[in-house]
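By letter and in written order, the chains are A, B, C and D; residue numbering begins at 1 in each of them.
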Amino acid sequence: MTPLSRNGIAARVALDIQDGWHVNLGIGMPEMVANYLPEGREILLHSENGILGMGPSPAEEDVDWTLINAGKKPVTALPGASYFDHAWSFGIIRGRHLELCVLGGYQVAPNGDLANWARDANDPLPAIGGAMDLAAGAQRIFVMMTHNDKSGAPKLLESCSFPLTGAGIVKKVYTDLCVIDVADNRFTVTDMVEGLTREELQNRTGAPLHFADQVAVLKDPA
Amino acid sequence: MTPLSRNGIAARVALDIQDGWHVNLGIGMPEMVANYLPEGREILLHSENGILGMGPSPAEEDVDWTLINAGKKPVTALPGASYFDHAWSFGIIRGRHLELCVLGGYQVAPNGDLANWARDANDPLPAIGGAMDLAAGAQRIFVMMTHNDKSGAPKLLESCSFPLTGAGIVKKVYTDLCVIDVADNRFTVTDMVEGLTREELQNRTGAPLHFADQVAVLKDPA
Amino acid sequence: MIDKRADDLARAFEGLGDGISVMIGGFGDAGRPAYLLKALLDSGIKDLHFISNNAGDGDTGLGAFYHAGRVRKLSCSFPRGSVAPLMEKLIRAGEFELEVMPQGTLAERIRAAGAGIPAFFTPTSYGTLIAEGKETRDFDGRGHVLETALHADVALIHAEQADRFGNLTFRHLARNFSPLMASAAKRTIVEADHVVELGDIDAHNVHSPAIFTDLVYQCHDVPEDSWHDWRASA
Amino acid sequence: MIDKRADDLARAFEGLGDGISVMIGGFGDAGRPAYLLKALLDSGIKDLHFISNNAGDGDTGLGAFYHAGRVRKLSCSFPRGSVAPLMEKLIRAGEFELEVMPQGTLAERIRAAGAGIPAFFTPTSYGTLIAEGKETRDFDGRGHVLETALHADVALIHAEQADRFGNLTFRHLARNFSPLMASAAKRTIVEADHVVELGDIDAHNVHSPAIFTDLVYQCHDVPEDSWHDWRASA
């Protein structure tokens, strides 16, 4: 059994992004999704620091530090891009104009709860950024994360123990082992990597798994 | 005794506008103030339909119907003007950024109450426009109106009988007969036209008048 | 591919029926979407709820809809103009509802709808007839009124430039309510003086970003006479 | 005559003393007003309440103020970066207060202050730790949190262009919080890459209108080393 690489997860998420969607890719792993947007689909990337129509990283000699993504990495602007202030940018987010936001996750529960900003309610330096606005505002939230943390503990749990980013907002979860639909208060596996049994996957998961009638083989689409 | 013309009132109001102020001139008589801004003072006119730095009327051949004032009359834009949407425009108003707004008035009371949008609480077609925002938002409200209505009834009253535009907001009143400071719950006359006695002025006014130590002669400054 | 450009005006109101709410950009004639208003008139949709700063004038543009008996309600700040007597007659006949509010409150309610803010406090109208029956609260010793977001089914917008993504610019003060309305409606339909190529509008100077636009039409003049077709159909 | 251009940096903070609140434009380094931050550092003003999306990095720019013990409080959305360990130490020592909120709530609170809106409801953070103790209310069946306007004594802004009235443009995404902060502070101080003539900025494309600006400085580079002067004065 070979888990997907981070690039593999990114590529799998990208497959589910429809032509014409306006999409925000969260800081960290979700940023990688931009490299795998399917050919033939026109997708406008939004970044909370004030752009719609964000393009790929520039060549080194073209870096302009006033043109960065929310993760502070240099980006470019595609023809047809627009710039706006933070009031408009978060109006776009909170006003439910984005078809999709892809976020990283620490924990996800079957009720759609997401924790991704603090591992401890008493964290003296909790870093929220734009995640709570995106969680509350995007039409859909996809979460992209490793199935287990570095110590092997599950991130898909009966309920989140870390402070929530948003309640009841996750629609799909993409991990290195599987793809999960989150609906009707349960996790339903729709894709799994080859060579992994349902029992093994369940053992690595902290909440009951259901399985779609047809479970697709999850492989690096790149 | 010669009452001031409407132009005369406008010119008198203009004298009290300080260099560097950002000013909104209400629809109707206040629009005329723009023609009398004192030489040597730079004053930026705001109009609620989205301009700061409004200039005088254009020559007929230069009229552009996308460049009009709040009274829908063609205007021009001075060098250094800016255009913005209605959210910013009323943010400027409500956020107390304008040093002054000059409004027309139906009635003013010594407590600073102003009525200028409806003569009847049951008016089926009450026209508010931007007046209530200006009344609530500008740092100062000057009211410019004839001292009496067409039937001779006073517009300066113990209390407003018409529906209020704003409560406790008028700082000065400019009429064809006098200039009045509104403060400490009373009317204090600071300027009067020549040939008018204090008794006559009081007789044409519906609330007690006080008089400044020095009452200036009010004449058409133009 | 994202291409919001359209030719067929039938598409503009496809799937929409009587009773819809329609925001109409513009302040006076500046930014008034005459071409789309005519298309709406031709669509036959009735019981309209208009949201527009001004009521309209005469028997063209907005005015034509009152004459044709097609407007159920108007939310505005300034119901003056030559349609006023007709509006008053319709109100007295119980055939028309007028909701008047301060212009800044109208703008902020529309902006709130687009920005996902369901309600806000404003000092405007506190202590006046307009605030009667509304929730109020003191902040820093000043009274404020609670106002709610104002959404619509459709927004009709006149732009100077539009590209195929739906980025817009406006000429002079034709901007006014338009970007706010574009953000607050389920379907935002744009008529543009110039439909331009992607990239022709500098990203710095987009006045209404593409995400709010659904359809873009090349604007055409509406002959004065054609507004009176309602007489035939009425 | 309106001329907000200034040379003497002493004027920037004239009449202001310890304990003031200071909004700092920028997102990461984009739009960060380094020249004015250095002037604030040199002013000696302390017990500062910073309002800035990011906490800062290293021991230059914002970071220098923590090292110099000059910040009493930071309101932000993202207190990460290389100053984090120092901030944590200051918090534990009771010498520093951190107020963290969602980025959109920070932006909207600042926008509200500038626009005369004392409070608004937002869906963001409802049901989370951040909403604890806050007033909440349902609209259309969804929970929302009441948030209040966030004002400041001073805003420090980096613009690409500024004219003598104080009209501003911003380069690419250096705009971010800057126009909002310019509107929300009692004194808005601008550093500009280019101080231009009146009329050089097209009225259509002003990103922050003159009315919010109080002072305009020509921006100069701040030598990396000069940030460390606080070591001498500390």
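Heads up, the rule we're going with is that contacts are C-beta pairs under 8 Å (C-beta built on N, C-alpha and C of every residue); 3 or more make two chains touch, one makes a residue touch a chain.
Small disclaimer: the values here were computed from a predicted structure and weren't measured.
A.B. asks: Counting C-beta pairs in contact, does B-D beat A-D or the other way around?
C.D. replies: Comparing B-D with A-D, the pair joined by more C-beta contacts is A-D.
A.B. asks: Find the geometric centre of each of subunit A and subunit B from their Cα atoms only, then give the gap between the two centres in Å, rounded to an integer.
C.D. replies: 56
A.B. asks: Between subunit B and subunit D, what is the gap in Å from one C-alpha centre to the other?
C.D. replies: Result: the chain centres lie 36 Å from each other.
A.B. asks: Measuring from the mean C-alpha position of subunit B to the mean C-alpha position of subunit C, what distance in angstrom results?
C.D. replies: Using C-alpha averages as centres, the distance is 30 Å.
A.B. asks: At least two other chains touched by the same residue of subunit D: list those residues.
C.D. replies: Only 108, 111, 115-117, 122-123, 170-172, 203-204, 207 qualify.
A.B. asks: What are the residues of subunit B that contact at least two other chains?
C.D. replies: 51, 77, 83-84, 87, 90, 93-94, 136-137
A.B. asks: Pairwise, which chains touch?
C.D. replies: Between chains, contact exists in these pairs: A-C, A-D, B-C, B-D, C-D.
A.B. asks: For subunit A, which residues are in contact with subunit C within the complex?
C.D. replies: Going through subunit A, the ones touching subunit C are 19-20, 22, 42, 44, 46, 51-53, 77, 79-84, 87-88, 90-98, 136-137.
A.B. asks: Give the list of subunit D residues in touch with subunit C in this complex.
C.D. replies: So the residues of subunit D in touch with subunit C come to 108, 112, 115-123, 137, 139-140, 142, 144, 148, 169-172, 202-205, 207.
A.B. asks: Inside the complex, what are the residues of subunit B that reach subunit C?
C.D. replies: Going through subunit B, the ones touching subunit C are 47-51, 64-68, 72, 77, 83-87, 89-90, 93-94, 118, 121, 124-133, 135-137, 163-168.
A.B. asks: Can you list the residues on subunit D that touch subunit B in the complex?
C.D. replies: Subunit D residues touching subunit B: 1-2, 111, 113-117, 163-165, 167, 183, 198-199, 201, 203-204, 206, 209-212.
A.B. asks: Hey, which residues of subunit C end up touching subunit B in the complex?
C.D. replies: These residues of subunit C touch subunit B: 27-31, 77-80, 84, 87-88, 91-92, 98, 100-105, 107-108, 111, 122-130, 170-180, 207.
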